[in-house]
Every structure is written in structure tokens, then in C-alpha cells.
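Next come two complexes built around chain A: one with chain B, the other with chain C.
Coming up: the complex of A and B.
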């Protein structure tokens, strides 16, 4: 097992290096430059050259790459041009916010998706099943940003139930811990619900189909034949096996969600990674773009590793092969 | 709480209480909830704002958002402050740190007399030493400040006594005062600790060592979330500011920004889209504050391409575009067809010109005279076997420009001109524009008070500037140089008129329209005076009505 993990990590490191190198050259070759160099007609060419020199943008690309690689190996991701701080610090500040949003959303996604999916499977072929399937299709096709704008209009503007933006109220730092937590949850509710709801359609399908497939297996029939209580058959015998494909999906859900949160973060002004990277790309903030590529890349690698491990833990067949 | 805006609605409170009850039940720690920290009695204005503050030191922070840069004026004083009263003549200047100023007879020396009673927020007096030191920072090559050009004719800033500073110029010209006062005065005693050479590496240091002399101080800053200004009690005018705190909520997304205002949780949104204006007008709690910015929208023809080398062709193309239709349909009437880079309410605006009319018939005739006819009957004009076909680009961020792009394509098709449209991200679009590697582009530029048109019209701006269309005309260069050399702006009015007439006639740019900026605010926020200098121009005089 340990060897398996080490081998996976080794391959992943190589992959990350290649991805980062490709990203480095792509963003430098792509048209545009850190935008601030251009934004004022009173900035002369001479001035622009000086600023380029300051950020090391005047050197040949190969040289810039080696310099960047050298500092990355020393653990220095460079200073963000727009945020005026070390790029890695900027991302690390944002990271917990995004992870919080993603975890909450994944929770909503799976709680809702599983409940609906299992209900549909348990009542397969009935009107309820049909409606749940329609609903899941609908949820699957609704764009998250549209749902978000609708929710803001109704729940935040018209009824003022939820705050529209940010993750805390102004002045919340001064509150006692419990109230601060409540304030945070109040802000978290809407974006997490939207993100979770917009993604739960697939979970419904996975859960329903997975359970139906299992319920048709011989061993379930045997369990029924033994006279076991139907609930026990469903919960103990059928469900764990039905969840295997979902577990694999779950492992990948985190990294996918990390990139999927960009739009929701921007709409709700959630101070997360997505928001920062969106801004960095527009302003050609190279250090932030590269550091975030490394970060999300690492997350994807760890996520898929986690999915494999979970899978092996649940499904003995995989464990034996490994 | 003094404002209606900041009260939570009952359902929101109810939701919070419910969550609280659940949590309390879970952890067994009942506690009262829903009470904000004690800010009662304070007047807090909330602004729903698009961009975060990027830094507090304007010398090391070149913000992409011009309005953001103007926020520095909340923290630091200028010597004198330019006003937006340029309707009937050159703008006036309101005394700030300097109570008066005078030029020497040869206009090579400009003396500022500082107010004796101005102190930094830590109690240290503001003196002419700060003025001189700030200028040294402006021109220091290692800083380097983005607006250093403004200071290129200033040879020295002399400290005569603690309250008298003299700016020495190498030559006399019209914009001397503007150039001298551009840039706020910074605290030498606090920030001079770090030598200018090391400023770039210490940009964040300044925010932790804020010492201000302006109407507001920085109370807190949560990056990408909000920043809060608090009234500076040591501000020299004890009657100002009239509010205690201003909270800037950072909301990059346009709809969410407006939603915060409409939900009653904010008092002002800097710019709203024209299609949202009706909704604001219909809301009994909100008001619309339109103004004309110093921005002009145009279509630039790359005159170095043979297709657009002929001015008759450029005029014809201008007449083939139904600009009024664009104004009506995508600006909802909050714009008008223009013919000049100067705003129509500006003293230097040439009122005697008329925009080229929308006249596709005449446009066709003129194109025919230039040799463009549809000889092969395919609906597209051609000359010497070449079809009249070109690519029109704009930046993808602006929906209004994208809409205009498609409409112009349609208008030109009616006269037999084939337009291929393309949109690029702004940052990427600058590459072909600066390299003059495009056919035609829709863009916008802003003018400053100096009325400098050289940066987009002068021959010298082809290589170093925004003359993307590579337009070069010795007569135009001469007029521009004349306006720049004229010391008395009013005396230059006939030259500005000539310049605009020539520009109109030559049509290297097709001026599209002049738009109104639409600021929206809650009705209980008074004395907001958004203008072309800044939405936050009057920040220190903003007043919140006690309604509840």
C-alpha cells in the first residue's frame, strides 16, 4: 500500500512540474501584460520599461523561467503584482474560505442528492420516482450563476433573509465567538446551497441507478429469501455497495468544486481562491496564476489519490489487486 | 442605528435566531444573538463598490481603477484641489493644505502658503518639508511613480519656511498648477523611515503605518471583502467629515452590487448599467445621480491601412453608422451622439460643429466617388477586384461595446461594407492596438484637465502613446503643440475649436457617443456630488439624514 502511494505521489510530482512549466510559458506567450503598466496615458514608454525591469519582465523568457524555477524550488512563489504580497500568502489566506464553501456545498450536494436518489430507487417506477428524475435533470441543466442571481433577487433583495455578499458582516470580528460563527453560517448558507443544489442532480442519478442495480443482484434476493427485514436488506446489504461509484466521485468532487466555485465566489463576493485567481488572470498577475495552478494541481492529485484509497477501503476487490 | 438601510429584516433575524437555537441546543451554551457591536449613534455610510483598495501609498500602487486612486484623497490632502467646474471656463482650485498660491512674474516659480493649523493624525504638524519630500518621492527613479511625467518640468521644490514651499519650473506652460498639485502630500516623519529605494519591496508596510492628514483614516481592511474609513478627528476643518464611518463593501459582480443597494443594505453604487436606471427611478427609496464623465467612445480607423487612408471614406463610414440608434437601444437614452473628445458641457467644447448625420445614401455616393462600387453584384462594394471588407475589434469585457460592434456591422452592411467582428480581452487587445496591427477598433479614452489630446492624436503618440490608428497630420500636431504651449487656457480656446473642427473633418476617429455615468444612491444620503473627477469627490461632505 505504502509503495502504491509513494509511486502515485512520484508520478504526480512529475506531472505537476510539467503542468506548471506549460502554464508558465502559456501565460507569458499569451497576449497581454500585467495591466497596470498600461492603464494611464501619462505613463511613458520609458516608465513602462522601468516597471518591466522591476518585475523581471524584460529578460528573455527562458531566463525568466529559470529564475522562476529557482525561486520556486526555494519555496518562493514570487510577489503578487496586484495584491502587493507574496503570491503564496494571498492564496493561503483564501484557501480556507474556499475549502469551507466547497465542503459545505459538497455536504448539501450529497445529502440532498442521496436523499432524493434513494427515495427514487426505493419507489422505482412510481410517480415520485418520475418526478425526482425530472427534477434531477432540471437541476443538472440549470446554470449555477442563474440560480444564484434568482436566489439573490428573491431571498436577499426581496425578503432580506440572507446577506448578499462577503463571508462576514461588517464589524463581526468584535462579536463573541458563537455569534461570529452564526454570522459566518448565515453568509455561507446561500452560496453553499446554490452550489450544492446546482450540482446534486448527478448525485441523484448515481444514487438511484446504483441502488437499483444492486437491488437486482442475487444476494439481495437471497437476503430477502432468508426473511431479513426489508429495511435491513436496504441499509446494510444494498446501500454500501450502491455507494461505491459515489465514493469515487466524491474524491474528485473536491478538486472539481475548487474550480467550479469561481462563478459563485465572484457573484457572492466570497473571498476565496476562485475570486483571487479570476482577478489575477485578468491582470496577468503571473506569480498568483502559477501558484494557484500548483495549488489546484496538488488538490486534484491528492483528491484522486484519496478517491482511490477510499475505494480500496470500501471495495475489498480493489485492495486485493493492489 | 441611524439609517434605515442597516436594519435587518424580521425574517433575517428570525433565521439567525433559529440557527442560534439549533446551535445552542447542540452545544448547550445559550447566548443572545443578533446584536451588532456597539456602533450606535455613529453615522455609517455603506458603499457597494466594485474594486478593493490596492494599497494606501499612491506612489507604489498604480491602480487600474481611477476612482480607487481618488480614494487616496480621503486619507491625504493635496495642496489645492481641482474642482469639476469646467463648464464655463478652466476649473478652479479649492484650498486644502495650501490656503493660497501665487506665480512669479515669469511663471517659473509657484509659491504655496500652507495652512499653519494642519497636523498629521499623530499630532505632528504638516510642513513644507513634507511637500518637498513627497516631490522627491514622486521623481525618484526607484519608486517609480506612474505619474512621474507630470513632474518633468519641475526642477526643485524649495522650503522657504515651515509653511511656505516654492515649486521651480524649467518652463512656463498652461498646466503648471495641475502638475504641481497632482499627488497627495505624504508623511515624511512616518514614511521617510524607509528610503525610497526600498519602497517597492515594502508596499504593505505603509498600511500598517498609516498616518493621515485628510478627512478620513483607515479603520480596517479585510482584503477582497471590505475596507472601512473612519473620520479623522484631527482633520483641520472640524465641521468635516459629516459622517463617522464609510464602509466599502467589495463586490466585483455588477448584479450583486446593485442588489445590495436595492436590498437597503448599502447607500451608494458608483456606476450602474443604463438598463437598470428605470428600476432605480421607480424605487421610492433610491435616486439616480447622472453626470457626464470625461470619457469619449470612438471607433478608430487604422489609417496606415490603404482601406482607411482616404478621409472621404472615413467620413462616409461615419455617416453610414446610425449612432442615434446605438444610443437609444443600448444606452437607453443616457448618451448622445458626439463629435469631439471634449465633454459637451466643457468650456473648450466646440459648440459650432454638427455631428456627421446618419445618411447611408450620401455615404454610398461618397464611397462610389472613391471608387467603391458593387461591380460584381454580390452586395459588397469592391474596387480593383478587392471587396470592402475589414475586421472590427473591441474588448470583450464591455457588453455595451459588444452590442455596438454588432449594430455597426449591420449598419455598414446596408451600404455594402463587409465587417467581420472580433472581441478580445482588453489586456490582449492592447497588443495589436499598440502594434497598429488591426483594421478598426472600438475603444474609449479619458481626458484630464490639461486637455492634452497629444496622447492619442499627435504623430509622436504613434510609437509612444495611444495613437493606435497611426494618424499623422502636421497641421494637427501643430495645433496640439500650440495648445500645450499656451499659458492662458482661455486664450487657447480658438485653437481648441480649430483642433476639434479639423478632427471632425479628418475623421481619423469616428466619435460614437458621449455617455452619462449613472451613480445610484439611497435618498437619505445627501450632498453626494459624483462628477467627472470622482464619484467620491465630495466624500467629506456626504451627509446621512436621520430618518429613524
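Coming up: the complex of A and C.
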């Protein structure tokens, strides 16, 4: 098991190195320069040359790459050109905010998706089943950003049930801890709900089809024949096996989830990773772009490794194959 | 019979949108980028009928009512009356002016006709969805086939490239690429197609690896068929069913993705209309001028639903295992 993990991590490190190298050359070769520095009319040409020298942008590309690689190996990702602080610190500050949003959204996605999917499977063929399937198709096809706009306009602007954007209210720093937590949850609710709802269509499908497949298996018929209570058959015998494909899906879901968060973070001005990277790309903030590629890449690699381990732990068949 | 229900529901909607997209230049009542009068024509509600008065140098004014009086043309807009001498107005007519505009779905903040933009947006969205998926499928099948049949070294290398592409969240990649390279529609199609193939290549590889061990493939090889013949005549046709379904569903994903990209201000650039940037235009006045963002959103949702219905329908129709 340990050897398997180490081999996967080794391969992933190599992979990340290649991805980063490709990204480095791509963003440097592409036309355009860091916007904040070079599109400012108040900066004279001499100053621009100085700035270029300061950030090492005047050197040949190969030399820049080696310099960058050298400092990365020493753990230095360079200074952000827009934030004027170490790029890695900027991202690490924001990472917990994104992790919080993603976790809350994943919770909503699976709670809602499983409830609907299992209800549909348990009542397969009925009107309820049909309507849940229509609903999941609709959710599958609705753009998340449209749902977010609508929710902000109605629930936040018109009825003021939720804050419009940001992660905390003004002056929240001064509140006692409990109220600060409530304030945070109040801000978290809408983006997490929207992100979760927009993505739960696929979970409904997975849960429904997974459970139906399992319910058709012989061992379920055996359990029924033994005279077990139907609820026990459903919850203890059928459900755990029906959920296995969902665990597998979980690993692939992280990069997709991060993609979805970008739009939601931008709409809600959520101070997360997605928002920072979005700004960095717009401003050609090379150090932040590269550091975020490394960070999201690491998260994705660890996420899929975790999903595989979880899968092996839950499903003995996988364990014995490996 | 039941299996056709999905196709019967999704097919006609999709066919309608495809027709609209194909015939967009002939169907759209006006030029989708025409900004006649961004003061009087701003955020007009659906079913507005306005008189269009033409002045010198291509200046236009929209009005609720025009009337010829003895000393010139009386132009009324929101109860405000203005008089212009006859020699300043270029499209005079017996009753007033020759031109008028019927805004069936209203106008946006630049007085552009929503219906015309919606129709041209259908063309852009479907074009991007279909062509970029076509490109992605072509690359995906090639890479998948090379990985499955080209020996273990090539397989490892190609699959690591796929893994690498999948570690970068797709939207970051696309935002970066569209920010770095200028984007007209074809460039966007190229960028989307060149980044959307990894899933297809994984699917192709998996299908071909299973097919390779099937009896009929062994039989074909045993009969002395060449590798090319075995691949094109015996393996590829059998892998096409799941690939067709996946590609169809992928069109929906890409249309939604292009919309989010355009909504973020990347992707299709104004003044060219796409459903995504139309929703962006309407974002600031979602309730006051609900028609600006609502109609493109409905079109987007209907299109993606119909594509998903057709995809699921095709799966049931083509794949006997799900029957």
C-alpha cells in the first residue's frame, strides 16, 4: 500500500513539474506583459526598463526559467506583481476560503443529490421518480452563474435574506466569536447552496442508477427472501454498494469543482483562490499564475489519490486486485 | 418505443435551434450590433414598437410617436415633445417617417434588439459547441487509439499527458489561453477543442482495450487481416456508439462552458452576441430589465436540455445493453 502511494506521489511530482514548465513557457511566450506594470501611462520608459530588470523579465527566457526553477526549489515562488507580496502567501491566505466554500458546496451537492436520487430509486417507475429525473436534467442544464445571478437579485437584493457578496460583514472583526461564525455562515450560505444545487443533478443520476443496479442483484433478493425488513435491506445491504461509484467520482470532481468555484467566487466577490487566479491571469501576474498552477495541481493530485485510497478501503474487490 | 421518448422530446427542440442558428442572418429582423439610439432605445421592454427617425450623418432617434405638423416633424418620447425642421429629417413620409422598429423581445442598454442578438447567439453557441467537440473528438480518438494500440511506452506517455491536462482546472486554462491569444470565434473553437479532448481519449482507450480482447477481433486477426483493417473495420465501429453518446453530451457541456467564459468577459467578445455575454449585459439590471438576461438564459437552458435528451436517447437507442 505504502509503495503504491509513494509511486503515485512520485509520478505526480514529475507530472506537476512538467505542467509547470509548460505553463511557464506558455505565459512568457504569449504576447502581453504584466498589466499593472506596463500599461500604466504614468510610468516612464526608463522606469519600465528598471521594473523589467527588477522582475528579471529582461533576461533571455531560458535564463529566466532556470532562475525561477532555482528559487522554486528553495521554496520561493517569487513576489506577486499586483499584490506586491510573496505569491505563495497570497494564495495560502485565500486557500482556506476556497476550501470552506468547496466543502460546503460538496456537502449540499451530495446531501441533496443523494436524497433525491435515493427517493427516485426507492420509488422507481412512479410519478415521483419521473419528476425527480426531470428536475435532475434541468439542474444538469442550468448554468450555475445564471442561478447565482437570480439568487442574488431575489434573495439578497430584493428580500435581503442573505448578504450580497463578500465573506464577512463590515466591522465583523469586532464581533464576539459566535456572532462572527454566524456572520460567516450567513455569507457562506448562498454561494455554497448555488454551487451545490447547480452540481447535484449528476449525483441524483449516479445515486438513482447505482441503487437500481444494486437492487436488481441476487444477494438483495436473498436478503428479502430471508425475511429481512425492507428498510434494513435498503440501508444496510443495498446502499453501501450503491455509493461506491460516487466515491470514485469524487476524485475526478475536484478539478471540475474548482472550475465551478471560479465563476461563483467572482460573482459573489468571495476572497478565494479562484478569484485571485482570475485576477492574476487578467493582470499577467506570472508568479501568482505559476504558484496557483502548482497549488491547484497538488490539490487535484492529492484529491484523486485520496479518492482511490477511499475506494480501495470501501471496496474489497479493488484492494485485492492491487 | 419508450426508448425513443427522449429523442422525441429533445430532437425537435434541438432541430429548431439548429435551424435558427443556420438561418440566423435571414431570420434576425435587424443587425444584432445595431445601436440606433442608446438614450431613447435603452432597455425597451418586449413588444415595443418605435418610430425610427433618421438624421444626417447616420444619427437615428427612436420615438413613441411622430407626427408631421405644418412647420416640421413632431417627435414624442415619454411625453416629451421635440420639433425638428423638415430639412433635417431624412426619412420623411406622408404620415411621419418611413422606418420603425419592432423589438419583439425588447432591447439591451445599447438599444440593440434582443431577438436579433438571441438568434445570432444561437449560431455562435451551437457553432462553438459542435465544432470544438468535433475537433476534441478527432484528437481524443487519435490519442486514445495510439495509447491503446501503440505499445506500452506510447500508452504511458500519452496517458500522463492526459493526466497533466486534467490537473489544471479547465476554466483556468481557458481564461489564460483566451487572455493570452486574441479570440475570434474560430480561435475560441480551436482553444476549446484542443483542451476538451482528454476525457474522450480516456474513453476511447478504455473501449479499445476491452475490444482488443474480444473474440471477433481475435478472429479477424487470425484470419490474417492487417492491423489497419482490424482497427478501422472491426474495432472503431464498435467503439463509436459510446463515443457518439459522449460527444453529443459533451456539446452541451461546451456550450455551457463557453457561456460561463463569455459571462466572465473572456470567450466571445462584444459587440458580437453570444448567450453568455448577453447574460453579462443584463446582469446589472436583472429585475428592472429582466428581458435582457432572461431570454438568453432560457435559450441556453433549452438548448442544453435538448442536447442532453438527445444524448441520453442515443445511448438508449444505440446501446442494446441499456434496454
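Note that the second predicted complex is superposed on the first by the 312 of 322 C-alpha atoms of A that agree within 3 Å, B and C clash if a C-alpha of one lies under 4 Å from a C-alpha of the other, contacts with A are read in each partner's own complex, and residues count from 1 in each chain.
Definition applied: contacts are C-beta pairs under 8 Å (C-beta built on N, C-alpha and C of every residue); 3 or more make two chains touch, one makes a residue touch a chain.
From a predicted model like this one, the values you see are computed outputs, not experimental measurements.
Visitor: Report clash or fit for the pair chain B and chain C bound to chain A in the combined superposed model.
Guide: In the superposition, chain B runs into chain C.
Visitor: Tell me which partner A:219 touches in the superposition: chain B (first), chain C (second), both or neither.
Guide: The answer is neither, since A:219 touches no partner chain.
Visitor: Between chain B and chain C, whom does A:30 touch in the aligned arrangement: first, second, both, or neither?
Guide: both
Visitor: Does the superposition put A:186 against chain B (first), chain C (second), both, or neither?
Guide: A:186 contacts chain B only, not chain C.
Visitor: Contact-wise, after the overlay, does A:235 reach chain B, chain C, both or neither (first, second, both, neither)?
Guide: neither
Visitor: In this superposition, which partner touches a larger number of chain A residues, chain B or chain C?
Guide: B
Visitor: Regarding the shared-chain residue A:4, is it in contact with chain B (first), chain C (second), both, or neither?
Guide: neither
Visitor: Is A:165 in contact with chain B, with chain C, with both, or with neither (first, second, both, neither)?
Guide: First partner only.
Visitor: In the superposed arrangement, which partner chain does A:131 touch: chain B (first), chain C (second), both, or neither?
Guide: A:131: touches no partner chain.
Visitor: Thinking of the overlay built on chain A, is A:16 touched by chain B (first), by chain C (second), by both, or by neither?
Guide: second
Visitor: Thinking of the overlay built on chain A, is A:153 touched by chain B (first), by chain C (second), by both, or by neither?
Guide: Both chain B and chain C are touched by A:153.
Visitor: Pick from 113-121, 221-229, 329-337 or 509-517: which stretch of chain B gets in the way of chain C?
Guide: 329-337
Visitor: Could you give the residue numbers on chain A that contact chain B in one complex and chain C in the other?
Guide: In the superposed arrangement, which is not itself an observed complex, chain A uses residues 30-32, 149, 153, 157, 266, 278, 282, 284 for both chain B and chain C.
Visitor: Within their complex, state which residues of chain C touch chain A.
Guide: These residues of chain C touch chain A: 160, 163-164, 166-172, 175-176, 179-181, 252, 256, 259-260, 263-264, 279, 283, 286-287, 293, 297, 300-301, 304-305, 308-309.
Visitor: In the complex of these two chains, what residues of chain A are touching chain C?
Guide: It is residues 11, 15-16, 18-19, 22-23, 26-27, 30-32, 137-138, 140-146, 149-150, 153, 157-158, 255-256, 258-259, 262-263, 266, 277-278, 281-282, 284, 289, 292-293, 296-297, 300-301 of chain A that touch chain C.
Visitor: Going by the contact rule at the top, pick out the chain A residues touching chain B in the complex.
Guide: Residues 30-33, 35-36, 38-45, 47, 50-51, 54, 82-85, 93-94, 149, 152-153, 156-157, 159-171, 174-176, 178-179, 181-182, 185-186, 266-269, 271, 275-276, 278-279, 282-284 of chain A touch chain B in their complex.
Visitor: Please output the residues of chain B touching chain A within their complex, sorted ascending.
Guide: 8-9, 11-12, 15-16, 19-20, 23-24, 27, 29, 31, 33-37, 39, 46, 54-55, 60-64, 141, 144, 146-150, 200, 203-204, 222-226, 228, 247, 249-253, 255-256, 259-260, 262-265, 424-432, 445-446, 448, 455-456, 463-466
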